[in-house]
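Chain lettering (A, B, C and D) follows the sequence in which the chains are written, and residue indices restart at 1 in each chain.
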């Protein structure tokens, strides 16, 4: 074969990989913070719609709403609600962490800040659990 | 296309400078390199922009080449070097005995220098061994061992040179006693193909004799590896050299955030079989800490070996230190009777441009072209220009 | 029309911060001050306080903006073209406005 | 010395079209790096392709995934990994040419336009007094242009048009020390959703950076600069 006839094929282009957002092959605390922030964000949007549905019963009078709240006293739903508390606290606190980072505050301590966020989240969840059960 | 075509075997500093010079003089150029560019010896050298002072006593031809090229490179590749100068320091009485011969050498070779007091040297380099007895400042510098050649490649490429990486020369195509091209293997696609050439230049450094053997000719070359050690931290800002005959571990070179201690020296037959000498790592630490005591406990980043391509016949050298660092160009029409084949061997990264100029002059004569060299003045493109979409 | 770059980010941060504050108030008001909001009557009574009503509407607005803007950020991270971005933004604005209108309507219905 | 199993990613267009892993058993000495092992393997199998040059973490060519993490092979000691099986793969988020070789052209298409000067003032040994002739000590920039940060970034994974950590860090360096470059123009260049506002502070780039460039921190620096400029413009 002569050089004129030879051509190396084009390199293989990678596809967009959504999995990287949710992959657990993380390199550091910041990666985990990102993953959790994204997951909790998505969960909260879903919850927002659910919350709208629950409140929509208000428009159908007292009975409809009160029937639903009785349902919500079930231990399973209470547990979900506890999860909700954890999700909200995490998303909120980490949101503050992200805001501080963007203002170039505590960038060197971002890992420690993540651990603080996690600690407060867990603590709040435990306190909430004591109130609920 | 009426332009003559030259194929360069070897994508190191020499190949890069050659591609640049040849394209400037109106030749079509193809470079073939079996790995990534600068993956052989070029990338692995310690990154010293030589002032020539190291060779000023024993190897004055090489020293003169170095200082001349040093000054040219500063002009054509601005902002590629840490131009912090270098110090030659005498620490022992033995070093002091070398002092006058050293100064004489610098004078003879025309290397600018300045003697400074040990006190001033310690002010400039606080980590230097306080036992220092005499200090001479010379225009050494640090280069980026990969990015300087990349600037040559980038400029050559923008002038039409084709650089083929992962393409290994397997065979030299000959018609009688004349080279007509190269059969190469693309390691990406595992396909062999032929590149026709008016002239083939063997710029494969320590591998030169292996390539020359494909044409049945011989290059007197001694691959001479040395071990280098990189440690974390920048222990000095200037290049620090021991003021004595070149020996093991006599230089500490700052580079980015690291310091590189070099080097040892021995000779091998096959530059691919570079077994690391473990005891040399300890030796580098030991000798390096004579210059800068602090490096004794510095954390090691890497230790590696690189094969210098030194000109010399087998048996002539036992460590490689005896051999000159100068370069030589072999037109194989005169060395072995093969037409259309030129080998450039020896030399240093600092002198790559000069090696290319001499070689290209010979190639021009062979091609019956008469175009003068312009590489002394043409400012090189930035290294990032090397990475552009290829056609 | 779409807010791009730093402005979108600043609004997201601003509403986020507002939500942290409002949600804290929301939780305190709803679960500690009031005797639980688990009955229809309780809610009516709670919302009859005009300060609570204003805060709740502010809360509603911020949460919808923050959520829609979050979804948009997620979609933009997918590396979509400007036209897709514009479409997505329009759709999200419509959804957001509808949700807000529905929320406000709910308040008017129950009061 | 110990025997370590290496699982090495192989792909060659037209030869190995669906990537596979080749397994090699190698006797590893305690000083050996992943790059040393690759060099050893290539003696027997010259078709094994990978990028390398300086062998001490200064050129940035030998970036690859070792056990799933972005590293420079030349400064990654095999024994210190502590795993009996070592997996070696090419960097992510870059076009794959062959085996462990990725195409760096897209990287430099983002990075090059920033035109960060290669030489900066040396901040090492500030007590040292350079000679009058030299004036100030200089050193080569920290960024090795290795592409590890782009491979680790979850945003680059889904948005190939995102400038990415390396180019943004270079931009931040120009803003910090313009050295003749046009810093306001660079700030304007990064102030958009494909620039420093695409980042979600996962900080994976800073986690894998082999030379303490801290690209994540540099992006935060750019954002703070942009926000304070914007706020100043409003009053």
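List of remarks:
Definition applied: a residue touches a chain if its C-beta (ideal position, glycine included) is under 8 Å from a C-beta of that chain, and two chains touch if they have at least 3 such contacts.
Given the structure is predicted, the values throughout are model-derived calculations rather than measurements.
Ranked by how close its C-alpha mean sits to the mean of all protein C-alpha atoms, the top chain is D. In terms of the distance between Cα centroids, chain B is separated most widely from C. Of the two chain pairs considered here, C-D and A-C, the higher C-beta contact count falls to A-C. Note: centroid distance chain C to chain D, computed from Cα atoms, is 40 Å.
Rounded to a whole number, the gap between the C-alpha centres of chain A and chain C is 17 angstrom. Chain B and chain C have CA centres that are 65 Å apart. Chain A and chain D, compared by their mean Cα positions, are separated by 29 Å. Residue positions 188-189, 191 of chain B are each in touch with at least two other chains.
Multi-chain contact residues of chain D, defined as those touching 2 or more other chains: 13-14, 97, 158-160, 200, 223, 227. Chain contacts: chain A has residues 8-9, 16, 18, 21, 38, 98, 102 touching two or more partner chains.
Of all possible chain pairs, those that touch are A-B, A-C, A-D, B-D, C-D.
Residue ranges on chain D touching chain C, taken from their complex, read 155, 158-162, 191-193, 195, 197-198, 200, 223, 226-227, 230.
In the complex of the two chains, the chain B residues touching chain A come out as 30, 186, 188-189, 191-196. Those residues of chain C that touch chain D in the complex are listed here as 4-6, 8-10, 76-79. By the touch criterion stated above, chain D contacts chain B in their complex at residues 12-15, 29, 31-33, 36, 43, 46-47, 49-59, 61, 74-75, 97-98, 101, 104-105, 107-109, 111-112, 115, 117-119, 122, 124-125, 127-131, 133-134, 137-142, 144-145, 211-212. By the touch rule above, chain D contacts chain A in their complex via residues 11, 13-14, 68-70, 92-97, 102-103, 152, 154, 157-160, 200-204, 206-208, 214, 216-217, 220-221, 223-224, 227.
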